[in-house]
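Both of the next two complexes hold subunit A, though its partner changes from subunit B to subunit C.
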Partner chain A sequence: MSPYILFVMLTSLGLGTTLTFTSSHWLLAWMGLEINTLAIIPLMTNKHHPRAVEAATKYFLTQAAAAAILLFASIYNAWYSGQWFIQDMSSPVSTLMTLAIAIKLGIAPMHFWLPEVMQGISINTGLILVTWQKLAPLALLMQISHNIKPELLIILGLMSTIIGGWGGLNQTQIRKIMAYSSIAHLGWIISILHFMPALAMVNLFIYLIMTITMFMTFNLLNSPTINTLAVNWSKSPILAATSALALLSLGGLPPLSGFMPKWLIIQELTNQELAPTATLLALSALLSLFFYLRLSYSLSLTIMPNTHPQTLNWNMKITTPLPLSLMMMMTLTMLPITPTIISLF
Partner chain B sequence: MFIDQLPQMFLTCLSLTMVLLILPIILSMVTKPLNNWPLYVKNSVKMSFFTSLIPSIIYLNTNMQSCVIYYRWMLVSPIEINISLQFDQYSMIFMSIALYVTWSILEFAMYYMHTDILINRFFKYLLTFLISMMILVTANNMFQLFIGWEGVGIMSFLLIGWWYGRTDANMAAMQAVIYNRVGDIGLMLAMAWLLINMNSWDIQQLFIMTKNMDTTIPAMGLLLAAMGKSAQFGLHPWLPAAMEGPTPVSALLHSSTMVVAGIFLLIRLHPFLENNNKVLTAALCLGAITTFFTAACALTQNDIKKIVAFSTSSQLGLMMVAIGLNQPQLAFMHICTHAFFKAMMFLCSGSIIHSLNDEQDIRKMGGIHKIMPMTSTCLMIGSLALMGTPFLAGFFSKDAIIEALNTSHLNAWALMLTLIATSFTAVYSLRIIYFVSMSTTRMLPLSPVNENNPLIINPIKRLAWGSIIAGFILYNFILPNKTQMMTMPMSLKLTALIVSLLGLIIAFELALLTNKQIKIHPTKILHNFSNMLGFYPHTMHRLMSKLPLMFGQINATQTTDQSWTEMMGPKGIANLQLTLAQKITHMQKGLIKTYLSITMLSLLVITAMIIYF
Partner chain C sequence: MVMMVVFSVMFLISLIAVASNPSPYFAALGLMIGAGVGCGMLTQFGMTFLSMILFLIYLGGMLVVFAYSAALAAEPYPSAWGSLEVFSYVVGSLMLVVVMWMLLVNDFGAFDEIEGCVMSVRRYVGVSEMYNAGGYMLLVAGWVLLVALLVVLELTRGFGRGCLRAV
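Up next is the complex of A and B:
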């Protein structure tokens, strides 16, 4: 893609999200979301093959439908309460708004588009989809979180983690696995949203770091399926070693930083007398852990039988090592500074 | 002058008896084997016998009994276990008789095992067995008795499996061990109960302390032990199987000494059983069933040693009946007389077997009477003594038991079984005599028939003398402990004799039918039942291994391991996850219409639910 067009698209992407962040008027927020959607479509269809086009189409349809519902809900809210302020949302339509945002985020039971879209696009665009595109809807959700019935969020959260867990078990394509992982993590985020939005922010932060690490790793390793992951131990041994740990961090194992949000969320839910919910969330995290383990198993815990020359792969160059190493370090070692991170939000 | 030194002489001779037996064993552990080790062992046992005669005669004369404590072995207060020997009526007479019989058997074994390379080891085993038996018989506490008990058990195993290259011999030895072990459970139960409740294993102490107690548990335990060791019904198959061992082994262990150890235990510890009617009835019925069943099995056997083995088993049942009648002394008398004629019958069988080049099937013997006169005569004497011919050895003990049975108020069924078994005794004895020594020859023409060897003739002669006069001697010199019923109607008095005669006559008639064909096909139902030993070994041996294995497989492997801990755990959960993961991913078929419709539907449903609840 021509650098100019790339620049325009990326800037629009940034603009859209920032617009949604800074707006207090529903229409402006909606506009930001639409800009986001439209800006990413060309990024998705960068390579003109039918898979990408199909993915872009699916993405567009679902996001457009979600935005339309969001618009309808905000107009109804304006009619009902007479004002367009986001924070003062107090109408019965908050449920509809939540569900529209849920479609945008890819939360079960409205998650169906996410694995297909992720599979059709390149891994870097997938990275944008999973990280940047989540920020704007979550910002809106956090602002209206105190008006939503908590049962709705809990149920959506539970369903997401469970479906994210079971869905990911049956996959061999890395991008689909990351899609289901995103569904599961978003389930954790929204389950605590009503009670302590700060924790949701913490979870989002940690999730972003971990996901960026994994996507960058997969980008470097250039392996689309689990089977092809197996040859990577010779491409970059360090990456093989640390990404195994990063996957475990995604799974939420102490002493890695992925444990931090899960621990705090379970603690908060228990304090809110929702211990069964916490138990179910934790148990469904086991399912996700299994497919992360499977990935780390083929990535670094086993050695694929290959010929001797292949073991001397020396020309893998990482041109910009800083982002990946930074994110990797943050994924693995941030647990001891949990209080600092909590105080950030 | 002799009189006041009698006690020292008594004890000295008894100690000397034991020492003379142990000396060869110690010698064998210290030096090289002597030139003629079997002869040396036989002479030791002979010396030991003569030495033991002195105290026995002193006892018969003056009723002197003693109890010696040699050494305090263990003291776990308040339990004290000593090495102590009791020389009373039972142990002294049994010692003398056992030594006499063993002497004869060892002399015979010098002939029988002559061509065996390991003959020295054989004699050592026999001697070790004898020592264990002596320990058992003279034991004054349960611990020592147990040592002797286990000793005879293991020696029996080693001796039955003497020809260990033969699978049948190994199986027989294994059977002996297992059945004995099952009986040992009873003995250990009794010992444990006695130790816990009486704090002692000393026999005299136990008798005093259990005088008015309910001793059902130890008595039942002792009965189980006797069942195992003395081959009562239920634990009996090992005795006929033990005939796989050499004939001297069968003569010593499985007719005179080892198998009577169980009965001896009950005789020695009779005060536990005296007042306990349950156990006495159990013993009576058990003995009656044993004697009847094994006598019935003996009727159709074709191996000469098996017939004699079943005969032993039947007599053991009779001894158990005597115990059940609360007459331990009669049982003991029968042990003593039975030892003589049964050992002699085995020795005669051994002589015949070797003479016919190891032929044991009576259908292939015949007319032995003409070519081996001494052997067949002694076989005849033994069989007559076994049947209870008046005034031979067996008569005094057997007839006394049957008289006691007839005049008691107990189980008539037991009485009937015993009488039928007595008649069966006559039948199978006649069967042996008829097939082996009478009528025409059916053996191979060039058999190495030779009984003209002093090593055969002398033992058999000695035992024949014993079979004739031992009953008379014992009967005259031993006073009964319990009063016997002396008056009874003539028919009751003559029951045993009439029944035996009846059996003999019927057997004669049947024997005359052997060369006539009455029916085209004979009805073999009862014959098969008797020949296959009531099918007891065939069913029980397989059932007893199959049942625990099935139980183990169904309960432990299938139910506990595979179902509960695997299916309810890892495997079940894994299968469940698989199903659910498949269901969830099957929904992703790639059709956007499906996705959008599910999305809209969920929207509607959730909104509706939220609004209305």
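Up next is the complex of A and C:
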């Protein structure tokens, strides 16, 4: 892609999310979301093959439909309450707005586009899709969170964690597994959104760190399926070892930092007298943990014999070691500083 | 009053030009003339801003896009008013107009109420607020349009450089 076009697209991605963050008018927030949708389409079709075009088409159609529903909900709110202020959305259409944002985020039962889109695009564009594109809709959701019926958010959250866990069990492609992991983590985020939005932001923060770690790892290891993960022990032993731990952090095991949001959310839900919800969430996290364990099993818990005729790359050159090492450290070791993390939000 | 009659007759001719199934180029020409005189009719009724917007968006936007996409599917021998089947459509439409006129038109009172140009701009003064208070939003909207253009350009680059190979 021409560097000028790439620059314009990446700048527009930043502009769109920033517009949605800083706006208090529904129309400007909608415009930011549309800029994000438009700007990522050429990034998705960067590798010109039909699978990428299919993924870009599916992404565009679902996001455009969600943006249309969002615009309709905001216009209804303007007609009903006479003002366009985002945080004063107390009209009966907050449910529709929540569902529109849920389509944009890939929350079950509107999650069907996410694994197929993730499979068709490159792993770096998948990283942008799963991290940056989630920020703007979640910002809107957090601003209207006190007006949404809590039952809706709990139901969406439970369905997302259960479907994210169950859906990922039968996958062998890494990008689809990461898509289902995104669905499950987003379920945790929105289940606590009505009661304590700060905890949702803590969960989002930790989830972003863990996901960026895993995507960068899979980008370096260049393995699209679980089978090809098995030869990575000889490519980079340190990466195989630490990414096994990072996968367990994604699964939410103590003493890794992925345990922090799950612990705090379960505590808050129990304080809000929603102990069965917390139990169901924790049990559905076991499903996700199973496929993370399967990945770490192929990656580092077993040593596959290499007899294929290929020069073994025993000294893998990592040209920019800082981002991955920083994210890996944060994924593995941030649990003891939980009070600091909470005080940030 | 004379202008209204002229505009109405030209509108009718352009509609017949579109409905007589010529090649798309001539139909687009008919649409252009029809939209032009339609804007003229709107101006006679005093809605000058609406007619400007209609001209800009309909002719300057949609029709230009239509012309480019029709030019992509060019045919060597377009059928115009010279061919027999198009001419029969024209004759049929004219006869339909005459029959409907004789059946339905009872009085010509609508044309008597228009005396000169009535400019009623009070309704549209709010539109200038969009440029005043919402100026930055228009700037962002312009940027969005530019990004949309670049996205379409990137997706449809020809000869294997883009991902859609229609051209």
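In this section, the second predicted complex is superposed on the first by the 338 of 345 C-alpha atoms of A that agree within 3 Å, B and C clash if a C-alpha of one lies under 4 Å from a C-alpha of the other, contacts with A are read in each partner's own complex, and residues count from 1 in each chain.
Following the convention adopted for this analysis, a contact is a pair of C-beta atoms (placed from the backbone, for glycine too) under 8 Å apart; a residue touches a chain by one contact, two chains touch by 3 or more.
Not measured: the values here are computed from a predicted model.
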item: First (subunit B), second (subunit C), both or neither touched by A:Gln87; value: neither
item: Partner chain in contact with A:Leu61 - subunit B first, subunit C second, else both or neither; value: first
item: Which superposed partner A:Gln267 touches (first subunit B, second subunit C, both, neither); value: neither
item: Touching partner for A:Asn170 - first (subunit B), second (subunit C), both, neither; value: first
item: Partner chain in contact with A:Met9 - subunit B first, subunit C second, else both or neither; value: second
item: On subunit A, the residue positions that both subunit B and subunit C contact, one per complex; value: none
item: Parts of subunit C lying in touch with subunit A, wherever the complex brings them together; value: 137, 140-141, 143-144, 147-148, 150-151, 153-155, 160-164
item: In the complex with subunit C, residue positions of subunit A that touch it; value: 1-2, 5, 8-9, 12, 15, 19, 27-28, 31, 34-35, 38-39, 41-42, 45, 48-49, 52-53, 56
item: Touching residues on subunit A, where the partner in the complex is subunit B; value: 57-58, 61-62, 65, 69, 92, 95-96, 99, 103, 109-110, 112-113, 115-116, 149, 152, 163, 166-167, 169-171, 287
item: For the subunit B and subunit A complex, residues of the former touching the latter; value: 577-578, 580-585, 587-588, 590, 592, 594-596, 598-599, 602-603, 606-607, 610-611
